[in-house]
Amino acid sequence: MVTEKQIGWNRGEMAQKVANDIPDGSYVNLGIGIPELVADRVPEGIEVVYHTENGLLGMGTVPAAGSEDPELINAGKKCVTAIPGASYFHHADSFTMIRGGHLDISVLGALQISEKGDLANWSTGKPGAIPAVGGAMDLVAGVKNVWVITEHNTKDGKFKLVKECSFPLTGKGVVNTIYTNLAIIDVKKTGMFVREMAPGVSFEFLQEKTEIMLKQI
Amino acid sequence: MINKIVHSTSEAFVDIFDGATIMISGFGEAGSPIELIHSLIDTGAKNLTVVSNNTGSGNVGLAALIENRQVRKMICSFPRTANSTVFPELYRNNEIELELVPQGTLAERIRAGGAGIPAFFTPSSVNTPLADGKEEREFDGKLYVMEHAIKADFALVKCQSADRYGNLIYNKTARNFGPIMCTAANVTIVQAKNIVEAGSIDPETVITPGIFVNRVVQVASPADESKLVAEGRSYPW
Amino acid sequence: MVTEKQIGWNRGEMAQKVANDIPDGSYVNLGIGIPELVADRVPEGIEVVYHTENGLLGMGTVPAAGSEDPELINAGKKCVTAIPGASYFHHADSFTMIRGGHLDISVLGALQISEKGDLANWSTGKPGAIPAVGGAMDLVAGVKNVWVITEHNTKDGKFKLVKECSFPLTGKGVVNTIYTNLAIIDVKKTGMFVREMAPGVSFEFLQEKTEIMLKQI
Amino acid sequence: MINKIVHSTSEAFVDIFDGATIMISGFGEAGSPIELIHSLIDTGAKNLTVVSNNTGSGNVGLAALIENRQVRKMICSFPRTANSTVFPELYRNNEIELELVPQGTLAERIRAGGAGIPAFFTPSSVNTPLADGKEEREFDGKLYVMEHAIKADFALVKCQSADRYGNLIYNKTARNFGPIMCTAANVTIVQAKNIVEAGSIDPETVITPGIFVNRVVQVASPADESKLVAEGRSYPW
């Protein structure tokens, strides 16, 4: 049996697709999860400055084993390093960067994305779930470009690209581009445009996996 | 002579009271003033409202304060993290109240509290459930929500070095909420790894000017929260 | 002929009266003019930290001739020094200190003070005058105690302590204490209370020089 | 590679336009980017709205820009200072517009502009003519006035040292409005006494992170405005 995983891009390849699209000199915030895989995949010769909302601009690579500093972490609370030319700042200044529109790209995960670019990524709204929002609502409200990286469907095969989000929103009309294991899709006022499909994925197959009507470029 | 140094964490809590609102610095364990929190547990103060980004992990620090039933309400952006079990359990049992605030709004509300700004407008959370019941308003064709300042009776903050005036510097991303919380509390209590001579911190590099600090206590070797959690420790020891 | 100047305190003595009243450990902002004379007169053993709104906490004495730095100035744009334990900060942080109620005392000059503690000190409202407010409105709105230091009457003998200010207000109901060449007067909800009079000044004489009804403690 | 260093002050103004709003750092002469202002004069850009605490002195720097009839409107807190004659004269003749703003409100409006906060409430100026026509509102029994953010097309800022990323440190009280103005403009142009290697400014002591800066030009020996004024110089020379 051929599973979707085998047809589409894997997580590393999805992250590579995002990495390829980041313009030289960009200021980028990478969310927790698959987005964290992006930094290592940015092509040679492209300089990107990474922001982590807990107070560091110029986040570097993962530290060598043994040289971790529990007071030098990213938003996912993992140990990181700082590049030469980095800066530390407090939370109000950090969100000045976010809310004030100074960051170029925010890469986040998603539970659902609607036709209009609405994003739901913080809560399933289930009773008993502990709601936790972190910086997501600030990122989607303030960053110039919001890119979502997500599996195209849920583990049990449900749509994630939906007509209307059923989960509580993170932001309305905020998503610019969606990177899934099956395709890269630009969200525009006139609809959702498929820019690229993973090898072996046909437009018909992609549409079948998507609740909203897709358009070909 | 101005001298804000006190000699023990317990001395720093002479005027703590039940029902106080307390800001606690830290993003996860980075910047969390664990020794101050343990002294706060020792005071037995109850019905606290705690403003902090997370809810602690394991059974030490902020998680222990919550586990000890001293917290009535949490105001935070991210109440569940790895190894955080105490808050989720109490929350599911309706034994603790939660005010969930987007992280940037939380930071700005604290900063506003310190800056004498009672309210401001932000685009964050507009059209989401976290804006429900809040005043919305359009500026230049875009929708914003009005948010109110947060002030506290006490702020507990961890820093790297402090002098007798209360001037502070921090360490890397352990800075996070510390500087803004120092500005927003009636009484700001700081634990510093180092106490240094006045004048030895370059005035160009002071992050928190002493005016925002009331008490400083040296904790030369603060515990590493994640180690305590890994070891399965709980406070009170 | 005996002039008022000869009867009352001179500027240095007025500044001394203010200096005597500053509690140990206070954070104080001194306005331009007579208030600048206060710092040198604070008694031995009392430590006061001076704030200047252009970004310095821990302002020191006047620099020695030849060691002035045009980038180290006070709000009056005069060269100053910084004490060991000083800090520099930007304007938004400086006014966080002011507006946020972190400063203990603001000492300012005045054009008029009303019975209710209204202060007018930034504009005579005359046509052709160039209005300039600086930080005065923030200081009176934010600082815990507002002390005014001023001649009791104008140069041409007019009242400065008036029933209602005729000049544009700096703030309404903000003044706590008035230090003039003739007296120290506390402004309370129940009226203006004379706490001390300069040598040779009688209560009757003081009342004659004051439009509002004074009260004796 | 990111490199924000440009090689001349004139190169920094390639995209200047008539009618632009321009923030200019400085409190009196401390922090005033006099060489950048002179290059702005050279561009001949007209109908500018300038946001700066003062209006310059003598016939150099900001005063020269005003004297050259390039400024339509000043937004400032203190338009008259020692040796400032240019602005007062034009103002009395109704040849320049003035928006007078309390200094703390000016700072907060600029900070709000940079932080994505469109409006906020402040107690400053309540019950004074500077609050006339503005929305007032009570919070906890106290009256506040609503103030709007200020944003600019350009910010001209003077600093002490900068690296290729645009990270900045300042000198003493010349810091003043620089850091907040850097955050509030579309294009932030900085003149730095020193250009240093990336990494040579301790990340703990960076005052303006590079994200807020677009162009940096070295002016190793900036003119001393008060000396030029004392010498009776005027720009253009």
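Lettered A, B, C and D in written order, each chain numbered from 1.
Going forward, contacts are C-beta pairs under 8 Å (C-beta built on N, C-alpha and C of every residue); 3 or more make two chains touch, one makes a residue touch a chain.
Remember, predicted model here, so these are calculated numbers, not experimental data.
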Number of hops, subunit B to subunit D, where each hop joins two touching chains: 1
Given subunit B and subunit C, the chains that contact each of them: D
Chain pair with more C-beta contacts, A-D versus A-B: A-B
For subunit C paired with subunit D, centre-to-centre distance based on mean C-alpha positions, whole Å: 29
Mean-CA-position distance for subunit D and subunit A (Å): 36
Subunit A and subunit C: spacing of chain centres that average the CA atoms, whole Å: 55
Overlap residues in subunit B, where contacts from two or more other chains coincide: 108, 111, 115-117, 122-123, 170-172, 203-204, 207
Subunit C: positions in contact with at least two other chains: 56, 82, 88-89, 92, 95, 98-99, 141-142
Touch relationships between chains, expressed as pairs: A-B, A-D, B-C, B-D, C-D
Parts of subunit A lying in touch with subunit D, wherever the complex brings them together: 24-25, 27, 47, 49, 51, 56-58, 82-89, 92-93, 95-103, 141-142
Subunit B residues within the subunit C interface of the complex: 1-2, 111, 113-117, 163-165, 167, 183, 197-199, 203-204, 206, 209-212
Interface residues, subunit C side, partner subunit D - complex: 52-56, 69-73, 77, 82, 88-92, 94-95, 98-99, 128, 130-138, 141-142, 168-172
Subunit D residues touching subunit B - in the complex, by the definition given at the top: 108, 112, 115-123, 137, 139-140, 142, 144, 148, 169-172, 202-205, 207
Contact set on subunit D toward subunit C in their complex: 27-31, 53, 77-82, 87-88, 91-92, 98, 100-108, 110-111, 122-130, 170-180, 207, 224, 226
